[in-house]
């Protein structure tokens, strides 16, 4: 069922819901899902509606036109998306296949509602797996002494493909700040620890060193500061003294896959609103 | 912060949200929390609002009067409650103390927003614990040969105390159908299994017999049919072959306490809507 | 690191551990992992050792010969396996790809220590995916009016491939009793409910009907009685009123995959001991 | 059932298990539970046995005498404890009652196998609750300008009561280094975060600030460095954007209680072995 998604963030005040629902009702809009959140701390209000496209007398631009006056009146950050316009996603990976394979299978079986325009990797290992899915694979090696050319190529590929969103499926390279800025809140990373614990390299080894009893994974938007962006989703799995760092790597893979795919799904369905380096997730 | 809670269930159609939010906005109502659910299967719509009492120009009866026309127009099941009118709760227990002690402590420390008018038990064991909390304790023994007098007394006590809600904190006796009917959707039970598995007596022993790898607990409204009422909340805990039935009893206690207290909290805050023997829980 | 696995079940009595560890110490066996379980209820004792192969002066048959007298003395069910002799596994699937894709990826990336001799399916849909992994695919359609020829062919394929173990990765067909008997405790199924709840067909729809707040999956050995065999592993995921049966199917897939792969892993590593229709899992 | 617990840590080598089980078998010792762990990283071996006291021809000192030669031979850290000699525990609390009430109830209902010799608190608030349980309550105020006198008194009380173990049930004061050293691996703290995240004060507010999607609690042995001691047990609970810091405090309480009581139980049953600032927990 095709829906339009109206997503709003604005300073909270009385009457917002009435205004928004009035305009939708005025056009006979059939709301299939509605979520609200008033954040007491920041004084901001967040809202997401899904409206059946076939209940409205206009297309997605019509809805935008109809809604614009309210958006202006309440000084809203707002956007409308159309579930029929699948987001274009570029996946980036390195050598580890588990997150990539998981996303590709979910996409292949119709679970992830997006177009994967290509996979970009700094290694060639996963080419065959990607190409079996009918998706272009770009091998863009990164020279540790001079990474700029590689990221220029990445940037060009992403631009050419008009990607809406970049997913770092265990890409293992730090993106340059200007790329982070250009795709702010549109680059999704999976970090293999329960952030803010174990930022940076080899988090499972850090976890083994500290002797924690649960390990986790964190899906977050990428910002310039490493592993410090807004968190979309997290989860953990129990370990014991019997698990060494290799076991943690194995057990952690399952958490990484789950957390990344859930985070991406929320993003694709416009369920994630970012404010003050934190997220509202209408899951 | 004092709020009024407006809870609605009705056949779904376009315009409900607009109508409801208009009436609230018309009186300058400040919505602190709003939840909606459209159930595709049944075609019903469910909604719950919390509105700051001090933002409205009238008290709870004024809100009822203002809302009644909309309730009639949309043939709603609706109710308005006032967070300042704490629900009156009767707790029923037997000999096992864990659920009762847990609820009493939560109440004592201000976590459960209700008045506990009394504890009724078929055994006298827990009297001292209850009375330390300053709550009346009624020992109403149940004669297995003739249970009617006991339940007549229970009924009278509950009526006298004008209880809004009865909580069976491991009461271990089956209530008579007429009591179930009189307090429909207001008697909350904790069953020590993950329903619908292991209905009836000694569920942990049934679980040990079957060799399951997780055991659970279920908080549900009591209906005439044993352990078959609408489920409010459930949870589980992992077990292994090393756990015998006694271990399950011990581990299960923690799940029972948690599940019952969460379920009761949802009920006290008017977050549970019952439809077709299932619940919508706006948690 | 190559290990031999010594797995024992016998009536409990004093001195078993000493006898077993003495024989291992006598040959200088380096125990890398040891697990014991005394079951009070049945009076049985269960034990599993992993011993470094390179610490022993003989191969796996030598260990068998050395151990046999003790096995006889204590009337043990016992077996020794060699981690270097990878088990031969036949996967069976139908149209749903999630469990199959998950197992194939784990195998492909070296996480599942076995040889997958082939995939047998009653539909041809998943052929390409299987063949990409370099694994033979057999399409054996099942005629609902006469299933015998299909299962005769399955039986023949499994025998030809000398499979140690059959995994029903959402195969959706009930195996004939004689096949269940021939591969007793060697056919692993994933059932998409938290057994014993929702035996049989369409468990997610049963779950939606009952209004449970968690759904689950169960990995178990197949016996003649449907969904009643010894449970190896189970897990659950939380749902709410917002999830309809389709959502449950989607969310359940992730639990199914995880539970099946964990159960299979335990089986492949000889960590599962069956007694009285229950399992001891030395995970 | 009375048992003796033999707990061992030593450098790993071949033959330890045989030696230990031989001496137990020689005296007809009936092992009811046995756990082993070989830590590859450190090269240490850990072992715990429970032996039925009535199966041995001597008391706990007899077992010590019988075992001492082996302990010496293998340069073991070892100890034998008697389940009939309940550990003496001092609980320390401040104003928050949830952890204390939970432990007291578990003790009162026979779930925690120990003697609680007293509760020491820097506030008088919880006196009545403690005294209802028949346990002495000591109010030892801590002067922020000069904490030494208070800790001298605490030290004296603990010494007088010959406490085996101190439990900080949300005590909220930092113990002086000499007390930490005197009771090394015998002071158990509950920290209200998933360590190593959010060390120090107001961890829930730190968590709210960072926007994490799970909050947790950590039970650990106290060392001189704040919140850095060996972790015994951890757990988490899911939160969303709807939960502010106050909600986290409420939800976190349940995790704190569970984690502390599990950690204490493991300690009381001699299931926790400390090595290199990490724990082996034979749970």
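Which chain is which? They are A, B, C and D, in the order written, and residues in each are numbered from 1.
Methods note: a contact is a pair of C-beta atoms (placed from the backbone, for glycine too) under 8 Å apart; a residue touches a chain by one contact, two chains touch by 3 or more.
By chain, with names taken from UniProt: A, B, C, D = Formyltetrahydrofolate deformylase.
Since we're looking at a predicted model, the values are computed, not measured.
Counted as hops between touching chains, the shortest connection from subunit B to subunit D is 1. Using mean Cα coordinates as chain centres, the one most removed from subunit B is C.
Put simply, the C-alpha centre of subunit A and that of subunit C have 36 angstrom between them.
The distance from the centre of subunit B to the centre of subunit C, with each centre set as the mean of the Cα atoms, comes to 41 Å. Along subunit D, residues 33 each make contact with two or more other chains. Note for the complex: subunit D touches subunit A at residues 37, 39-41, 46, 194-198, 208, 210-214, 216, 230-236, 240-242, 244, 277-281, 283. Here subunit C touches subunit A in the complex through residues 97-98, 101-102, 105, 108-109, 111, 128-129, 132, 242, 250, 254, 258, going by the rule given at the top.
Put simply, subunit B touches subunit A in their complex at residues 14-15, 17-19, 21-22, 24-26, 28-36, 38, 55.
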